[in-house]
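Dropping a structure here in structure tokens format, bear with me for questions.
Labels for the chains are A, B, C, D and E, by order of writing; each one numbers its residues from 1.
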Amino acid sequence: MSYSFISPRDEKELKEEISAPGSFTMSGGTDLLVKIRMGKISPQKIVSTSKISTLHFIDENDDEIVIGSTITHAELLEYKPLREAFPVLFDAIYTIGSPQIRNRGTLVGNVMNASPAGDGLLALYLLDAKIEISNGDAVNIDEFVVSPGRTILPKGEYVKSIHIPKSKWDHHYFEKVGQRNSMTISIVSIGWLIKCGSEAIENLRIAFGSVAPTILRLKDVEKFSKGKKIDEKFVHVVSDMVKERVNPIDDVRGSAQYRKKLCSNLMYRMVEEGIKC
Amino acid sequence: MLVRFNLNGEEIESEVRDDERALDFLRRIGMKSVKEGCGEGECGACTIIVNGRNVVSCLMLAPELDGTEVWTTEGLSFKNELDPIQKAFVDEGAIQCGFCTPGMVMSAKALLMKNPQPTVEEIKKGMEGNLCRCTGYFKIIEAVKKAADEN
Amino acid sequence: MNVREERSVATSLSSDKNFDVVNTSVEKIDGYALVKGKPVFTDDFDVPDSLIVKILRSPHAHAIVKNVDASKALELSGVACVLTYKDVPRIAFTRAGQGYPEPSPYDTFVLDKKVRYVGDAVAIVAAESEEIARKALKLIKVEYDVLDNIIDYEHAMDENAPIIHDESEISGAYDPKHNIASHYEMHFGDVDEELSKCDVTTEKTFYTPNQSHAMMEPHAAISYFDANGRLTIITSTQVPYHVRRIIKRIFGVESRVIKPRIGGGFGGKQAVHVEAYVTAVTLKTGRPARCIYTRKETMTASNTRHAMRFKIRVGADKDANLRVIDMQGLSNTGAYGEHALTTFMVAGSKTLPLYNKVNAVRFMGDIVYTNTESAGAFRGYGAPQGAFALDCALDELAHKLGMDPVEFKLKNSIREGETSPVFKVMGEGREGVEQIVGSCKIEECAIEGAKLFNWHEKRERQRIEGTKAHGYGVAFAMQGSSIPAIDMGGATIKMNDDGTFNLMIGATDLGTGSDTILAQIAAEALHTSVGKFVVYSSDTDVTPFDKGAYASSTTYVSGNATKRAAERMAREILKAASEITGESVEKLHLENGKVISKSGKSLTYSEIQTQLFYTFKQRQLEVTESFVSEVSPPPYMVTFAEIEIDLETGKVDVMSMLNYVDCGTPINPLLARGQVEGASSQGIGMALYEEHIFDKNGRMVTDDFFTYKVPSRDDIKKITVKFADSYEPTGPFGAKSVSEIGLDTPGPVIANAIFDAVGIRVNRLPIKSEDLYFKLNERGLTP
Amino acid sequence: MLSIKEYLRPDTLEEAYDLGKMENTLYVSGGLMIASLKSSRLERLVDLKNLGMEEIEDGKRVKIGANVKLSEFMTNPLLSSLNHGFFKKTMKDVGSTQIRNMATVGGSVAFRLGWSDVITALMASKATVELYEGQLNEVSLERYVKEKRRKEIVTAIYIPKNDRFLAFEKFSKSTFDIAMLNVGVGMNIRDDKMSDVTVVVGSRPMISGRIVEVEKFLNDKELSNSIEAAAQLMRDTIKVGGDVRVKAEYRKVLSAALLKKAMRGIGDES
Amino acid sequence: MKVEFKVNGKMHSVNVEPGEFLLETLRNLGYKSVKHGCDTASCGACSVQLDGKPVLSCRTFTATVNGHEIKTVEGFSKEGELSNIQRALVEEGAVQCGFCIPGLVVTADALLRENPSPTEDEIKGYLNGNLCRCTGYESQTRAILKVAKDSRGEKS
């Protein structure tokens, strides 16, 4: 476990450093260092982005909020416009780790980690976020993340920022089911966004964490829901749909069967939350 | 590599290894209040305050300390005079074995710096990254509350 | 086999006493650590984050500190604090570590606005490093109002002499306005009348110098708040409990005092020296503070022996009966009255009872302040000073009577079963105690010693041959064993299930080997071996109280306390064994680490304690006992010496010295012998080499080992030690003290031998070859 | 620790000499004396150790490199046998084992200490000093200690190889002490008749020097019957001073006494 | 300045001040057996062996030991086992306070290597620079004589 550490001052230098073989980019380090410790990766070089001022920003305009790659969870939580624009993202981040982790970890780190259980990631799926890559590409989040721990980020490139388009929603929901309240990785997480029409759902987005190799957006459920009224019957139907579509595995945190049951049960939160749509 | 930073109010300049954790380095230079409990950011015993925020020093590399302002529990008390948080921990019986206490104190300190009058819920949330196996947390919450009340 | 348990052949068993462990030369229990150079001394302890403490010292012998400007020093990066008299409590105290209430005057402050000798403390500097601290010292500007001084103690009481202690807070001093720290007088009988009736008298004035202890380890202390905020002081001290008490008096703070191994003390560490300075810094900064004196500080700013002058008059009748002793003394206590009265009294109380057949005795004098380094306790504690005058005077009297001095001194000296009124009249700082001498083998010492030394044969020899003269001298001495009715020692013994015992003692081993001999005493009483004892000494928070290492008391007082504790432990073991086995205590006895019953059963100590821990009437066997003596049984010693004088230069060499000692049972003959050899060597130093020279401003010129010559290996020719077959009934297994007495005789025995060689009565120590040469020259004895 | 700025270890004599010319600079050979200097002005030490100067060369005279340790006088077969074993015997009285293992012959000479035993003994043997002052020069030890020079580097000592008898006497308070006075005597002696006499007295407290009057008096006389008169002459003519350790008058006594001892020693030996 | 040297067989590479003495360096490195007893090269408590010869570490510039070998008393005994001279010193009661002992051990060891059968006078002469204030030297001399005798096979 011996590696060198470098903290470039600008993006040019960053780019040079990360193209070297064996180099790993670190933003918060909260996951990377654990992985090194567990022997999952053996970097020759760690390149920290933390001192690059051009990556440390949050921009807001009428259409979107752009989050620079070194912005920590804690900074996001303290950024009022984010809470107003994307409460579901706020709620998701709020459950991440602990103050200590949130003070170090970044949303981009969460994306790069590409964990099926990524709480922030789930919110980004719901919000149709785009990842801006250093080569100029902007990629939808669900295309950016490929599988656990893997993204399409080309070698030698880095994530500059996350773009989250603004959109209006009447209801938002995030919940993670874990073994305990704090410092936990979800057994299953769920999030949705609902826009109500006059009598029925105008638009719905729904996503689950920890039930598939990546965050799972259930687009057909979303389509199905359009124009439906939220009531017991509706929930009964979609919970069955959900059960069929999620594809969890057995692991130390929970069995596949349990997870499936959880997912369908969590749909009843829509009724419990008293959403009238 | 050489790092320069402010530790407990004093400018420090020291040679560190690239792959040394901040936890190991701080202990090496005598900050024994910084405890290793788990080594993976789970327990918070190694909590320190960096630039006003509490972080776990086990998930931070020593070179990253460069240019920062760091506080450990050693920096909180002068002579035998305790910081109000430390005093509250003692008064409220929030210390049993004491191993988690330095990390607890630093998290409480960071919390109160940001939020001088936290609610009980906010205290719980603020302290959620610090495990304690002895107390059941009640006295710790009370201690932080007391320190906040005396602020 | 454990080497520590090896029995030495060099033992001299008392005929009627059958010892197993006592009276054998077991190896010193700390010997291995010391010979390996393990980090066991104060300076070897690294306390992280320590500030380095240095003391700014006065360049003037007597001055008012008008102003201390430390601003420049404080600007220096790394300087934590500079303390002056304004920053420390103004509490008068005495540095002397003695019993309480202290007989020494309260005339000292941690820092004062007046300095009273060159080296007196002016400011305390604490910095991050030694180098910064030294730089800071140089940056402190002190304005002094220089006063007239007194360097020569014979002028301390002159009219118009400057007053050294004019502060209002002083207490306990006799007449400070006349620079008299203390005064003492006693007499019985009428000395003038007795003198007038004597057929032979002699009168002479004798001087002894202010010798330096020159222990190899300089003074050192480290203080810090422990994790719980308790002030902890690691210090090279002989008196941890007195240090704790005095620190509390000065600063009002409770503390724990830990004594690690001590690199020699000889009385020099029977006082608070460094402890107050580090404490002041730790209290001020909250940080650990360490102060290691330089050799120069150890020489100039700690303690010396009290220089004394005695005008002595002695007289005898024509039958060689000594009838009268009159000693009028003057003692130099230096700038502060540490041990002022007590050392002076010991000059009488530990010499006069030796000649108990006199009709009249007077002992009186003043102890005066001067602007020199404070005197203090030093091995012998006044007795060497008194003995030099008394023994030399008696030697001269014997000469006048035409009598062999061995015969004359022996004829008039005390015997077993006798007493001396002096015992009762003179104690230490107050009245003494009556005592009948329970053991005194001075006859064996003198008669057998003379044989061994070939005294009579040697006295027949030609004294002057060519450029060399040879002389043969004898000196008699006594000392005491503890300060009776004042000093207490304690011992705690705890039995463990692995068969070991913890022996916890406040007694302070400063190289003497007391940890070892106390373990021997405990092992003897508990019928086991020294190797079974794990000894802890001394830690005021852990070990029971003990007065400390001084006054020849450890073997006797702490030894008796240990013996009592061990004997009680033995009873506890028997009781427990009786409960376990169901056999009555009367049928059980201890043998070789076991309880053995008459029925043949046996239980080891380990088995007993294991049962007591886990299965049977559960408890740990632990006892604490203490001891305070009602008497102070004197050891006795007769020393014979052969000296050679180079008539061309006046140089004196001690060719051989025989010490015949009655110290009761030597608990450890090898270590006891080491005590006598070491004391003799220090006495030779005092007699021949060790001299302090002051310049006219009172600065000590001989402030290092380069200029202050303690004897080196080649200077010590031959020292032989013999122990008399003696048993002190009140001592632990018959023991008395042995540590100090060896220093009482070298001065007089060398002076007496010089007289024997060339007929010149030297009356001043050290004997300088220069002075002796010119005396020889006057008498036409130089070639 | 000495607060100095630089410790330099030059490899050549020229380099060392150039460095030595800098302000507040001293040469180090054994280092014993330097360490006790308390000068706050000292900034730089120039170590002469890398310059070699450790040779002991036999010839008409014996060359002893300046960096040769005093202990070599006791162990080196050549040095310890010179002048009937004189140096072996004498060096026993100088310092201690440790000090002799550290002190160099060059340093002992270059420091020109008043109480130097080494200078007295070497002077009695009529040693000369080789110096580097931009070039190599050689002067007698007597002249060397008298003359003020600056920044010279002592490179070697030459001891003439001859059959002279030498004796050294030192008087000190204790055995591990500097001399109150020391005396070195050297001479040729044949049938009790003395010639080529050197008489050196050091630690007066002034530095060692020859006592020419006594030397003149002794030349061509018989040793056994000249001792007393020489001693008397010594006492009468020698210039001594007093200091805190000893008065001038006693130094005179010592000069006579030590001369007698030295002469008796030579008498016994020859 | 950087200096490299061996202590008891272990290589050390340290940065030292130009005016630093070996005594300070060794104690900083943890060789606490090396004692500071005086400031005047008078007591011998700081003696160490430099390339086998006893010298005073208080007067040796650390800069000069570059490439040399030092031995302190820490290098004399394995755990639980003493060298002959150490054993003899304990057996003869030559260790009182013990402060001078480390310096004495390294010096006596050198003596016995140079001269395995020293006389009493030779011992005194060789060790004259090692002051001891406790023992009066007699026991220390006895210990060295004993080692010499034992090494000649004359068991005492």
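Here is the rule we use: a residue touches a chain if its C-beta (ideal position, glycine included) is under 8 Å from a C-beta of that chain, and two chains touch if they have at least 3 such contacts.
These numbers were taken from a predicted model, which means no experiment stands behind them.
Common neighbours of chain B and chain C, by the contact definition above: there are none. Each chain's centre was taken as the mean of its CA atoms, and the one lying most distant from chain A is D.
Relative to the whole-protein C-alpha centroid, the nearest chain centroid is that of E. Work out the mean CA point of chain D and of chain E, and you get 28 Å between them. Averaging C-alpha coordinates per chain places the centre of chain A 80 Å away from that of chain C.
We define each chain's centre as the mean of its Cα atoms; on that basis chain A and chain D are separated by 88 Å. In this assembly, the C-alpha centroid of chain C lies 43 Å from the C-alpha centroid of chain D.
Residues of chain E found to touch two or more other chains are 39-42, 125, 127-131. Chain A has no residue in contact with two or more other chains.
Residue positions 706, 710, 712-714 of chain C are each in touch with at least two other chains. Residues 1, 18-19, 21, 39-42, 44, 47, 50, 53-56, 58-61, 63-64, 66, 107, 110-111, 125-130 of chain B touch chain A in their complex. Every residue of chain E that touches chain D in the complex is listed here, in rising order: 1, 17-21, 24, 39-42, 44, 47, 50, 53-56, 58-61, 63-64, 107, 110-111, 114, 125-131. Touching chain B in their complex are the following residues of chain A: 1-5, 7, 29-30, 33-34, 37-38, 46, 48, 50, 74, 97-101, 103-104, 181-183.
Of all residues in chain D, those touching chain E in their complex are 1-7, 9, 28, 31-32, 35-36, 45, 47, 49, 71, 75, 92, 95-99, 101-102, 175-176.
By the touch criterion stated above, chain D contacts chain C in their complex at residues 1, 3, 171, 173-178, 244-247, 250, 253-254, 256-258, 260-261.
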